[in-house]
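One chain, chain A, appears in both complexes that follow, with chain B as partner in the first and chain C in the second.
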Partner chain A sequence: MQGLATNHGSAGRVLDPGGGFVRRGLIGLALCFVALFLVLPLVAVFHGAFEKGWRLYLAAIAQPEALAAVKLTLLATAIALPLNLLFGLAAGWAITKFRFRGKNLLVALIDLPFSVSPVIAGLIFVLLFGMQGWFGPWLADHDLRVVFAVPGIVLATVFVTLPMVARALIPLMQDQGHDDELAALSLGASGLQTFWRVTLPNIKWGLLHGVILASARAMGEFGAVSVLSGHIAGRTNTLPLHVEALYNEYQFAAAFAVASLLALFALVTLALKSWVEYRTEGKAS
Partner chain B sequence: MAFHRILRSFTALALITAALLTQIAGCSSKDGDTAQPGTSLTLLNVSYDPTRELYKEVNAAFADDYRRKTGIDVRIEQSHGGSGKQARSVIDGLQADVVSLALGYDIDQIAAKASLLPADWQCRLPCNSSPFTSTIVMLVRKGNPRAIRDWGDLTRQGVSVITPNPKTSGGARWNYLAAWAFAQRNGRDPREFLAALYANVAVLDLGARGSTTTFVQRNIGDVLLTWENEAYLALKEFGADRFEVVVPSISVLCETPVAVVDTVAMRHGTRNAAEAYLQFLYTPQAQDIAARHGFRPRDASVAARYADKFAPLVLVGIDSFGGWPQAQARHFAQGGLFDQLYGGR
Partner chain C sequence: MAGRRVIPGFGLSLGFTLFYLGLLVLLPLAALVVKASSLGFAGFAQVLGSPQVQAALRVSFVSAAIAALGNGLFGLLLAWVLVRYRFIGRRAIDALVDLPFALPTAVAGIALATLYAPQGWIGQWFARADIQIAYTRAGIVVALTFVGLPFVVRTLQPVLLDLDAEVEQAARSLGASRWQTFSRVILPALVPALITGMTLAFARAAGEYGSVVFIAGNMPGQTEIAPLVIMTRLEQFDYAGATAVGAAMLAVSLLLLLAVNLLQAWTRRKLGGA
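For the complex of A and B:
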């Protein structure tokens, strides 16, 4: 790590002989990019949302269909997150701390939900659980519904967010190696104690980062959920789908109002992350 | 302050999630047509794109009517999307008690591929099971700056046309067939005419709503080919001071049929309510709502009341194309006429 840091420093000096010209240029470019692609759209969403006044904004959000969409989105996220956490921890732990046959295959498979287009992911579940699919008739006989119902939406959300936590943890855990764990075990700690006292504290920021990314993705997922939803207003529309429906109904202000709600969720997640980081750092020093 | 707000919103989120979980656990009661006065049931109407506003109003009227007649509370859920896509979803298991789609071919597919209703479904209700019809008209910008009066003007050089893709959109297929009918009856070679028309198409959206948004919101194109009801909705939503409807000399009679999906309704025990719902569409009350939303009513007295809204024109039915199966195979199937004349440019 020390060597790396020095390298970065000298590289910076070599790259920037013109008294900060390159540096300022790069920073300016980055800021322009952020303003153009992140800040401007965000401003546009909130501008569109309040264009027809805050009364209409509140009415759009208080609509039963909008509230149902909020509930469904949060439900899908609330189910996907713990599953993600469990899977991510298990996968990260297994891949970085043990050697086993088929490890590379597992690493490759974890990335599958990222490499597969979400629409295809949705269609996979339709092919599996739809009426013309492998398990559809059996499910129907037992009065169970997966596609075009809440379970399908949850399934799609879990699928597309599955690699998030694992992906955030694996490089971190690889970097840390297992010297700390070996030390703990040699001093007589049990496996569980090692996990709680040594591994978890080491990876908590990576874990938090992964969870935040996963929740953002879960709330914003459109493609896979769109295929599996059936678009029943007030029942199987998540927030992104509800935004689309409103837009198609020419209720542009309402569409932006609900979109701003989605953006607000993202901002809240971000704020929460910053706050937790700030608190923990304050304690540490 | 910010911290408190965050905490408050999280408490709210937690409460909502908890409420929903209990609600899911508690809503497994089965509807039955044995439904007694004072009970309630839910119907799902799976429909195509431009009927959202229509069915919102019709559903409320039907719920009142049904409660008065039977004492049963009926709630109708709506699902909207491209007609072909919606049919596909029903085939794959979307629990539609009732379908109301853009063309009979899509309901035929449900009967053929999933056997959820009999093949002769279209004979079960009056007027080919189509309680209202529509036709294809043109929407132009105010003052009609490109002087577009009829189909023939669409192939002029420099005229930019907006219409959706007939491969994915039911409305787009009607657009295509209307232009075909015009060419046939005006001594033009239909293939050349349509090739010239589609060469003028600026944006080929997936569905009718997408095309309207392209034309109206994004200001692309000189003329939009669309459902008559969709054109009226655009006038209402975006102002008659910005657009004009042009009614061509000839167009297609679009029958947009409805059907009870027997297998699903039987399993839900909602068959009687579903049938009452579809029959309600033929009542003067529902016909009046349909006419107000720009659909051509079948009821003569209602039609007379809205005579000035629906301009008379020559209307050609799907029969003159040999019915949907034949029209689909000849024009819109993989490698069909549309592929030849659009891909070959």
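For the complex of A and C:
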């Protein structure tokens, strides 16, 4: 009985010896599911992009509207990322190095943008800055535009990626505690020195993890940006919005060509992310 | 506690955190709450009572629920295989699970719509059996299942890793079959994480827009999702209508978030007490 259990049991965590029927069946099922459900859509994107040949692919990417969309996407990401990085560091420092009342509430509030539908994320900024919004009349008086313009797109991008760096940092900094910082400070380091020389090296991988996820989301955001963009080709279209415009005009090859840029970036994101996780796992063990 | 006095930067870091959060999250959400309360009960009832809005809310929440169930099933399978078995390509598949998070929703949307269209690589097989997936509610469920998949896998993986192998060995040595061990010993330990992951997937799916609009038929009353109703109301400058639908959806997702937090607190207490 005992021998039977250890021979065939799936209890062994690392290896299921004997390569049982159940094991092979489950792995096969999982592989089929991943191939059909995750890999095939990716293949479809690249197939659609190159279906009409290289020349059309390059032409679709070199279109002025596409280049303008790349520029706007990079601009929104370049503004949102450093801001949320700073926020993540500040929130991580405050939450993990000190005790104060309402900390749990603060952590929950940081997560709030994740539980808001992207369309609602766009809606709230329309209610603030749109013509009928709280600040709409004031903005109109000063000839400033937020909604249907670049600032609205940037705001939406900041909002949807706001929790990402903080979320990557807080559990990590919580685990590390504040012993290292206390040691540095007691040896005479200033607060800033302690942060740069002790804290930052400790959290660099977590920071990188958060930055990778935040930039992927920033470049790919669709719903929130769609509400706040005026959909003006060449001016207020980000890359995902440009993909939508091409697709709706039945320019499928061009739509998939631009989409393949985003898909490629997503694959790079996944590779970087697993590399970072691999590095940190190696360190932990 | 000792840290409070010695480590500098408490005021600065907390101050900046609260200021940033207040300006970018709380103030905009307050605008939604204020606008919603200015509608009054009658205003709400008028918007939410319309058959088109009710149908859209039903489509969104029912499809999200079916997708969450699908995610529970496939998520459990993937998490189990990734944690328990070693095989070639395991790392690559582990990384690919996050694809729905990393791939822009619009890209996923056009790819799925093309695949499941009647002439598409997958759609043509269903078309032979006279089943249409794209531009129907089935298409909505497919897109929402894609989007929510990582939630269940990622909440289950750490729990599966932490499971005590000795308990399983004990069950097996006492004569339990493989299936009995799984259903009576392993599964109960996974249930809280499974529910958490499915709730997160449900909340995400209910509000999802980008990956769904391309594959949904967007027919009012049939395949129109709630976020699209908000979108069209905004395009018609019907801010009151958009706000009412938005506030109703936000209330549901906040309740779900609260439920997840309570569930996690409860499991932590239970595990801590055991």
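Operating definition for what follows: the second predicted complex is superposed on the first by the 228 of 285 C-alpha atoms of A that agree within 3 Å, B and C clash if a C-alpha of one lies under 4 Å from a C-alpha of the other, contacts with A are read in each partner's own complex, and residues count from 1 in each chain.
By our rule, a contact is a pair of C-beta atoms (placed from the backbone, for glycine too) under 8 Å apart; a residue touches a chain by one contact, two chains touch by 3 or more.
From a predicted model like this one, the values you see are computed outputs, not experimental measurements.
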item	value
Touched partner set for A:Lys71, first chain B, second chain C, both or neither	first
Touching partner for A:Gly230 - first (chain B), second (chain C), both, neither	first
Which of chain B and chain C A:Leu162 touches, first, second, both or neither	second
First (chain B), second (chain C), both or neither touched by A:Leu38	second
Superposition-derived comparison: chain B or chain C, residues of chain A touched	C
Partner chain(s) touched by A:Gly133 [first = chain B, second = chain C, both, neither]	both
Partner chain(s) touched by A:Ala271 [first = chain B, second = chain C, both, neither]	both
Set of chain A residues, in rising order, touched by both chain B and chain C	126, 130, 132-133, 247, 252, 271
Footprint of chain A on chain B - complex, ascending	2-3, 6, 9-10, 13, 16-17, 19-21, 24, 44, 46, 49, 52-53, 77-81, 89, 91-95, 113-114, 209, 213, 217, 233, 237-238
Complex contact set, residues of chain A against chain B	70-72, 74-75, 78, 126, 129-133, 136, 140, 145, 147-150, 230-235, 245, 247-250, 252, 268, 271-272, 275
Residues of chain A defined as touching chain C within the complex	1-2, 5-6, 8-16, 22-23, 26-27, 29-31, 33-34, 36-42, 44-45, 48, 83, 86-87, 89-91, 93-95, 97-100, 106, 108-113, 115-120, 122-128, 130, 132-134, 155, 158-159, 162, 178, 181-182, 185-186, 191, 194-195, 213, 216-217, 219-223, 226-227, 239-241, 243-244, 247, 252, 255-256, 259, 262-263, 266-267, 269-271, 273-274
Footprint of chain A on chain C - complex, ascending	1-4, 6-10, 12-14, 16-18, 20-21, 24-29, 31-32, 35, 74, 77-78, 80-87, 89, 91, 93-108, 110-112, 114-115, 120-122, 145-146, 149, 161, 163, 165, 168-169, 172-173, 175, 178, 181, 203, 206-210, 214, 227, 230-231, 234, 237, 239, 242-243, 246, 249-250, 253-254, 256-257, 261
